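In this document, chain identifiers A, B, C and D correspond to the written order of the chains, with residue numbering beginning at 1 in each.
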Amino acid sequence: MQAIVNISLKDAVLDPQGRAISHSLTDLGFNEVTDVRVGKQILLEIDENDPARLRQRVARMCETLLSNTVIEDYSIVIPDEE
Amino acid sequence: MQAIVNISLKDAVLDPQGRAISHSLTDLGFNEVTDVRVGKQILLEIDENDPARLRQRVARMCETLLSNTVIEDYSIVIPDEE
Amino acid sequence: MTLSALRVAIIVFPGSNCDRDMMVAIEQLTSRRPALVWHKEASLDAADLVIIPGGFSFGDYLRCGALAGRSPIMNAVLDHAARGGAVMGICNGFQILTETGMVPGVLIRNAGLKFACRNVGLQVCETLASPFTSGLVTSKRLIIPIAHNEGNYFAEPDELNQLEGNGQIAFRYTDSKAIGPANPNGAAHDIAGVISQNGRVLGMMPHPERAMSDLHGSTDGAYLLLKSLEALAS
Amino acid sequence: MTSASDKMTFQNAAAMGLSRDEWNLITQRLGRVPNLCELGIFSAMWSEHCSYKSSKKWLKTLPIDGPQVIEGPGENAGAVDIGDGLAAIFKIESHNHPSYIEPYQGAATGVGGILRDVFTMGARPVALLNALRFGEAGHDKTRHLVNGVVSGIGGYGNCIGIPTIGGEVNFHKSYNGNILVNAMAVGLTNSDRIFRSAATGPGNPVIYVGAKTGRDGIHGATMASAEFSDETESKRPTVQVGDPFTGKLLMEACLELMASDSVLSIQDMGAAGLTSSSVEMASKGGLGMEIDLDLVPAREENMSAYELMLSESQERMLMVLKPEATETARVIFNKWDLDFMPIGQVTETGRLVLLKNGAAACDIPIGPLVDDAPEYDRPHGDAPTRPKLASHDIATNSQISKTLKSMLGHVDLASRRWIYEQYDSQVMADTMAGPGGDAALVRVHGSHRGLAISTDCTPRYVEANPKTGGAQAVAEAYRNLSAIGATPLAITNNLNFGNPEKPEIMTQLVDSIIGMGDAARMLDTPVVSGNVSLYNETDGSAIQPCPVIGMVGVIDDVELAVGHGFIAAGNDILVVGQNDSKNDGWLGASIYQQHFGDDKIYAPPPIDLAAERAHGSFVRQQILAGKINAAHDISDGGLAVAIAEMALKSGLGASILVPEQGQLHAWAFGEDQARFVVSTEDGTALIAAAKDAGIEITSIGMVSEASELKFGDRDTISLQELNDVFESCIPSLMAG
């Protein structure tokens, strides 16, 4: 089964990358852009058929490795979950 | 309105970071992980109220800057779109 | 023409940090100080060689070279290349050239996922006619430093074959006395530098401007640059 | 919600780390109770970090003068004259706690901060170094912390384009819960164009430049107290994120502006952000300052006066400009896409007045913030005396070569290549000797002159005897510079210690400052800048004390410098300094003891400062005269390790004479001080020169073509075998 982890910087944490992209978009004529934040998206293929258990395991992976909880928030999406 | 751009490496492109994460997860005892790919998620705040027009503009941003179409695929999510 | 008549322009982006080093290197070889051109300029004075230097243009944010590739000056550089003008991109300059499609391929994260700064051995390859390689002895092994995070050259297999067939591969990583693997970043086919189909645009990861004298530990960068400049002057 | 007029109590002050006496002093000086913003400003200015309240008394004992000194401690960084009308400007600073919490960002912002200290003074930074201490190699967290710190240092330095040319790393269990990350920066400018921070000219505009202010790094202890706010969660201090790209733009913009005649005074916003920068500028100028906080460029909405004043957002500066230069400056900062905002003016009042929403959010006299800052004479005693370790009381390993091989795989001796190859050590194209040797060497751009730099400290010596250890750190740096042929000029120091309220820790601090001062006086290397980091403890147990020295020296012609790799087969190898096999080598507190001995703390090798000076000067003179072609100081691991490193560097082997009597392992691995291994084409002449100078010197062998080390007749090992353990130790540690 697949799991998707979306990782974003916490709101108050500076996102220099987002700022630079936002500037460039404006320079390229996309004046309507008011804010850009950049995060990661990690796609996991996992040998597990139970969506609930999958979610639980992935949450553990996030806490131990995937996300830096000091500065990042994460959310988990399990496409097969209804 | 908000737009989300998910950017992933094309399948044919090697993802050293994904591989390293996959290794680490296995080392940490998450043996069920079979594949990991790392992509980007870009959150845009945009001064635009029409979801269709928004999507069109964001697609342009992707083609001109946000994604490198030689190695990356992108998809656009407009949360306010039903 | 003499070397001192050569007009060399070096493009400066916010975050470029090898611009001065390259200026000093070119001046050492030609006795003429190259022009530094700020990225916000929309036009470029006539130049015999445009150099895109190393560094972290726009902080390498989004993708290395991506934001610089869309800077106003790049339209002028693209026009210059379209007219057959010579362009050389070093390190971040190489990344900018791939981002704008001026040379094929993409530079992705080093296979070791770490910044790598060290000397590498470079093999000069047989290429199609190009001012950047015509003066170099192909059997020669050059020792030149690298310093990058994203130097892992990638192209689809078909494209790689085409590059090989066309003679567009200018330099390959090869053994040196330095400690560590010969290929420092996992680059496909050990590619360290490529040239465009017309031979007028070169992108390479190693920094010749850091191998300009015995005090640097190598003069191979001076040799490489000098031969290119001589070819462009003749 | 807290408003500016809220009256604070002692509880609030205590939550910000102030004592009852300090609180009383504040209310007394103000003649009233402070509000939140004012209390925050007092607590920041009176914190250990800003006020040096525990160390000041002792720092005053350090030598700070000398003909070479242009600017001693007190400004953002120290400055020394290096000839040709140029000044080297340098400082070292710690970012220990942030790096433990978030190693990448903590280390990156440490580098960014120290660079700002240097370019604030008008100098273009030309070199970075870092002194790191991590927990045991096998500890859970070590790998993660090493990875994060090293990539963070590289992440900032590589991107901003200043070469990282050296440093040091040790591993020890006392750092398991409290790592040390000290970053040093060195810059160059014309001696007559140094910028200082004292505000001048009442009425002159105060300008904010750089990045916007967010809620990052606001004093943690304060914000954790719920009574200050209903929105504690959203306002909790966040980690500061470095932005080397903006840092680069800020550096270029400031240097460009400084080249015009516009800047009267300038100060970076480091610890305690806008608070310490405004207070220090005003205080040094004996003036006041008025700032309208509504004008401060903010990244987040509804930031309070308190938050704006205490934020530690990165890449920001405060300047006082000549009024007529404001437009010139604005154009420059616009060119570099940076914020530029006049936010106030210098006043005559001697008060710090802050306006928020049109009302005074703070109105306090500046005098007490600085002059009345507490200064403590904390109790301390005598350092414990340590027994001497006799060399027959420790395992004697049969063959030198086998032991050497094992030693070279010790994590404190092994090659640091895995670390320093992640740093761009060559950008700016003036690196003449990067990491991997004794001192690093950068050429002064466009000239033959070179700056030699090294950072050093041996915490296990300091722990065993703080006075000796403090002196040894200076002596080792002095040796490292001498070993390449450079003349030492001055030092900066970073005093990393535990809780100074414990007498035994205070003793370490006091004694190592005394030792450091003695050495600095004897070796003519005054202290021109520094930093103190105290309270490095976890769960009540302190780190091994670590007073790091960063030393800067000069060599007139970089072509004369030598490295530590052997040059040619047939050259003579000699030891300068004591090499008497009847005198057992000193194994107490050595790496050999760590590797093969027990955990007891033994007396460290004694320091003879006169010998350090004489031997260092001799080696330097002989290098400059072309009589020595390679040199290496003997430090961690002793003589055999020094020889091995010289061989490994060059690929040339050596044939070494071993003494016929005495303890071989002590001879090979003892860490007696004031010694060098050198190679020369003409050993006889060098011996004669040493005799003339009254210096002990011994011929110990010869450089050989064969890629092997021979100790006496029977004991041989190939360089390949040594190289494998030397090079693979840290990579395999990091691979897990």
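The criterion applied here is as follows: a contact is a pair of C-beta atoms (placed from the backbone, for glycine too) under 8 Å apart; a residue touches a chain by one contact, two chains touch by 3 or more.
Computed from a predicted structure; not experimentally measured.
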Those chains which touch chain B and also touch chain A: C
Approximate Å spacing (C-alpha centroids) for the pair chain A, chain C: 35
Chain B and chain C: spacing of chain centres that average the CA atoms, whole Å: 30
Chain B, residues touching no fewer than two other chains: 64-66
For chain C, residues contacting two or more additional chains: 58-59, 61-62, 67, 70
Residues of chain D engaged with two or more neighbouring chains: 243, 245-246, 337
Category of the chain touch graph - line, ring, star, complete, other: other
Those chain pairs that satisfy the touch definition: A-B, A-C, A-D, B-C, C-D
Touch list for chain A against partner chain D, complex: 10-16, 20, 23, 68, 70-71
Of chain C, residues touching chain D in the complex: 14-15, 17-18, 20-21, 24-25, 54-56, 58-61, 114-118, 145, 147, 149, 177, 179-180, 207, 209-210, 212, 215-216
List of chain D residues in touch with chain C within their complex: 151, 154, 158-161, 243-246, 248-249, 336-337, 417, 420-429, 432, 443, 558-559, 651, 723, 727
Touch list for chain C against partner chain A, complex: 58-59, 61-62, 67, 70
Touch list for chain A against partner chain C, complex: 16-17, 20-21, 24, 27-28, 38
